[in-house]
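In what follows, structures are represented as structure tokens.
Both complexes below contain chain A, partnered by chain B and then by chain C.
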Partner chain A sequence: MSGYWIGIITILAINIVFAYGIFLAVATGQLNLGGAGFQAIGAYSAAWLSAEMGMPLYVTIPASILVTGLIGFAFAFPILRLKGVYLVLGTFAFAEVVVGIIINSDALGGAMGLPVPDYIDWPVPVAGAVVAALICFYIMSTRLGLVVRAVHDDDVVSDLMGVDVRMVRVAMFALGAGLAGLSGGLYAHAYTYVEVQTFNSALSIYVLLYVLLGGAQTPWGPMVGAAFFTLVPELLRNLLPQMKVAVMSVFGVEGAVTPPDESWRFVLLGVVTVLMMVFRSEGLVTRQLVERLSHPFRRRSSNATQKEAEA
Partner chain B sequence: MSTVPLLSVENLSISFGGLKVIDDVSFTLEQGGRLALIGPNGAGKTTIFNLLSGVYRQDAGHVRLGGQLIDTVPSRQRIGFGMARSFQNIRLMPHLGVVENVMLGQHSRADRPGGLLAPLSFLGRSKARAEAEALLAEMGIEVMPGQDVSTLPYGIRKKIELVRALAARPRLLLLDEPAAGLNGAETEELMAFLDRISASGVTLLVVEHDMGLVRSLCTRAVVLNFGRKIYDGPTAEVQRDPLVLEAYLGPRHSDKSEASDVA
Partner chain C sequence: MLLVQQIVNGLMVGSVYVTVAVAFTLTISILNFLNFTIPTLFMVAGMVGWGLAYFGLPFGLSGPLAWPLALAVGGLASVLCSLLVERFTFRYMRTRHGDSTEHAIPLVSSLGFLLILENLIRIFYGSDSQRFPGPSSDLTAQIGGIFVRIPQLVSFAIVMLLILGLVWMMKSTRIGRGLRAIAENPDAASILGVEPNRIVPVVFMLTGLLCGLAGALFAVNYGEVSPQMGEDIGSKAIAGMVVGGLGSLWGAVAGGIIVGLVEMLTIHFFGADAVQVAVWGALLVTLLMRPQGLFGHNAIGKGKL
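The block that comes next holds the complex of A and B.
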């Protein structure tokens, strides 16, 4: 495999883990716009343990999960008292605070960043993505998963059904923070360098977009969303020059065409995002889509009975 | 048979701002009984339901279920005492399937905390799912596996909400306008449905506007007006009570009908 593809697979795997971290919170109806903050905690935990303490990988990666999960758990109690847009702003502010602390901390390298001694090759992040996906698929298939989806739909009725709404929200938020921390730990070791500028607000917005545009109803959504938003910009990198050639040839310009500016990729990505919000506001993968794909025969028979009922 | 009533509401009061929405209301409901809670719009019927289920906390008074005080129990735990409810506007979970909605109704009976992590649909089947499907079939609701709630007709969704409440195996079922928005045939079907539930030993407390349904379903009625209880007695006589007539139709009309009653 070429270095280019190894790089893409690594970042794709890290993004999938990251997206699952945010997904667990969003699945209970809590928008978490503090993703970059949690990833930063995970990345810096692993980096610091590796660089300053000389800890091996099998300590630093679990530590990145544990530290971030515990901070997420402690943070969940006050923050989940907020609702709707206030919660979004609260989590956003959390990420800013994390970045602020890191940048002012000499032990963590401040604005200079930290070099990480141990390097991991692409199979480790891919294994991380597989594990994160399995965890999320399993959770969503249990009674806890059912309750998570119920809390997302109607917390008052869930409460009357005997669901401990607060416990479910806190647990999912903390577990999600743990996964976001894992993505940070993987990032630190895959790039062997962490600097605080990486964990900016745009990153928080992107990872939330992966989840919302991929679809937060099933665990397929974050995977599809992260893959879409990681791979499409890369495809556009090759596609854009060809598109420009095609467009220019319509206007009669043949031969050598100067390649378009890099930023056009993100213009197109923005357009795609807007179109998806308009046409599939519940995300690319909905529960109905999964049902339809997994029960093609039942679907047909239900159509038949519906027709009978109408007749 | 115990002599303790299943539900006993004692001097219940609640105010919102300066408005006394429920004012010193008391009534009891015996095990296996069917009681209608009626009254004009805004009389406080749904507020009583919200007090019983713990959505609101009363200012004064007590609620006992099977002799146990439940008015300080958190709303989440009340279903465990054997009380389940339906809602005036159907409140099924839109992103859960039909069977999953019913499985949510079973939640209060599930083992905890271990039961939370038991897979429900990992390989498509589980005890909980089979039980929910059986309960739906028993109540005459045929659904396709994984069918969406939102695609179903209003009457069927209303029934599914009832089944979800039944899935908790309640002793007391609170029904908030079960017949609202149903056509004649659907109302009759609902009646048969509620008869079966009642016959199985579930106690019913019903808020309803359809007097025909109230008379045929319930033997006793409590009438509220402006948060006060104005009548507690047989449903057969409720429409002849002067205070009830006054509440619904205004004072002059009640005078006339009282006169005609005498005559």
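The block that comes next holds the complex of A and C.
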């Protein structure tokens, strides 16, 4: 495989792990807009253990999960009293505070960043992505997954039915934070350098968009979302100049055309986001779609179609 | 004396935050919608104003004193963008799905608009910061040993007048009563004859207007605009809004000024690197200790449109 594809596969795997981390919070109805903060904690704990303490890989990566998970747990208890807009703002503020603390801390290299001595090749992030996906699929297929869905759909009724709503939310949030930390640890070792500017608010926004546009109803959603929004921009990198040439030739301009600005890719991402929210706000992959694809030949009774029409 | 000077500076910086924070709090209190395009609208006003002043206005209107006109057009651009956002985020978002993350839908599309507007500006104007050809910022007045820049003082006064007008509008006009009715209970309001489709765009127009004004004041006062200028101001305005209390106009005013003061005093005592931690820490502590903020009431998020 060429270096180009190895780079894409590595970042794709890291994005999938990251998206699953946010997915676990979103699946309980909590929008976590602080993803970059958790990834930064994971990346910096792995980088610090590796660079300053000389710890090997099999210590640093579990440590990045553990540290981030614990911080997520400690943060989730107070912050999950908040709902809706307040929660979004609280998680967003958390990420900003984490980044601000890292910039001001000399031990973590401040704005300069930390070099990481150990390098991991692409199989490790891919293995991480597979493990994260399996964990999420397993959780969502158990009784806990059912409870998570109930809490997402109606927390008051779940509470009445004896579900400990707060506990479920805190547990899923902390677990998600752990996965986001894992993605950070993988990032630190795959790029052998961590820099605080990477973990900006745009990253938190992108990862939340992966999950919501992919669909938060099933564990397929984050994977599809992350894959779509990692691979499509790469395709557009080649496709956009060709499109511009085609458009220009319609207007009668031939020959050399300056390649379009890189920013057009993000404009397209924004347009896709807005259109998705108008036409399919549940995300690309819905529960219905998964059911239909997993039983392609089952004839649906009129009762089921009626239910779907209502839903 | 230096400390008093810093406090005055904080008040002046705060007036820009106040304007943006009021825009945020208006959409949140009435529509329960955290509008992430607001910092971008602010940036659009400043950048379009700069572009027109720099590349020249159409119809041969360019002259040495064309910058106020350019900024006015920039503000208009921000109002138009805001109405566009309304058309595509809010009008079709009447809860189709019984879903507890449904408040996320307009929020996510506003994130989409953030990407669109910011990158379009980058494509057409580049991503460097630009010097705005405004009035010279050396116009200072000295009051008892304290230096005050005249443009900043004027913008502070404009902002305060505008907010007084806004409070009056919300309290006493037909539109304001309709908006408050929608904020409290959209269903009852529409039964009683408030038409959401006609009155919701008013919120977005006001948002665009406030952001346009803030962008123009920022361009004049600091003499510098860039496609990134919205991020910093936006985050501080959000912090101010939360500290003051979501949904309260005077809370947003107080919060914006508090954030301005915190920023200046942090720079004074700890240096510029600590500002981010101080401002966002204030937000986080407020959310944890007193989520309704200093002046807010805890009814936000009850009424849904």
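Basically, the second predicted complex is superposed on the first by the 298 of 311 C-alpha atoms of A that agree within 3 Å, B and C clash if a C-alpha of one lies under 4 Å from a C-alpha of the other, contacts with A are read in each partner's own complex, and residues count from 1 in each chain.
We adopt the following convention: contacts are C-beta pairs under 8 Å (C-beta built on N, C-alpha and C of every residue); 3 or more make two chains touch, one makes a residue touch a chain.
Quantities reported herein were computed from a predicted structural model and do not represent experimental measurements.
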Fit or clash between chain C and chain B when superposed on chain A: fit
Touching partner for A:N238 - first (chain B), second (chain C), both, neither: neither
Which superposed partner A:V157 touches (first chain B, second chain C, both, neither): first
Partner chain(s) touched by A:S2 [first = chain B, second = chain C, both, neither]: neither
Chain C versus chain B, contacts on chain A by residue: C
Contacts of A:T142 with chain B and chain C, given as first, second, both or neither: first
Chain B versus chain C as contact partner of A:W264, first or second or both or neither: second
Minimum distance between Cα atoms of chain B and chain C in the superposition (Å): 6
Chain C-contacting residues of chain A that also contact chain B: 152-154
Chain B - residues contacting chain A, complex: 53-55, 75-80, 85, 87, 91, 93-97, 100, 103-105, 107-108, 110, 115-122, 128, 144-148, 164, 168
Chain A contact footprint on chain C (complex, rising order): 28, 32, 34, 36, 88-89, 92-93, 96-101, 103-109, 111-116, 118-120, 122-123, 231, 235, 238-239, 242, 246, 273-274, 276-277, 280-281, 283-284, 287-288, 291, 300-301
Touch list for chain A against partner chain C, complex: 26, 29, 31, 78-79, 81-86, 88-90, 92-94, 96-97, 99-101, 103-104, 152-155, 201, 205, 208-209, 212-213, 216, 261, 263-264, 266-267, 269-274, 277-278, 281-282, 311
Chain B contact footprint on chain A (complex, rising order): 138-139, 141-147, 149-150, 152-154, 156-165, 217, 287-288, 291, 295, 298, 301-302, 305
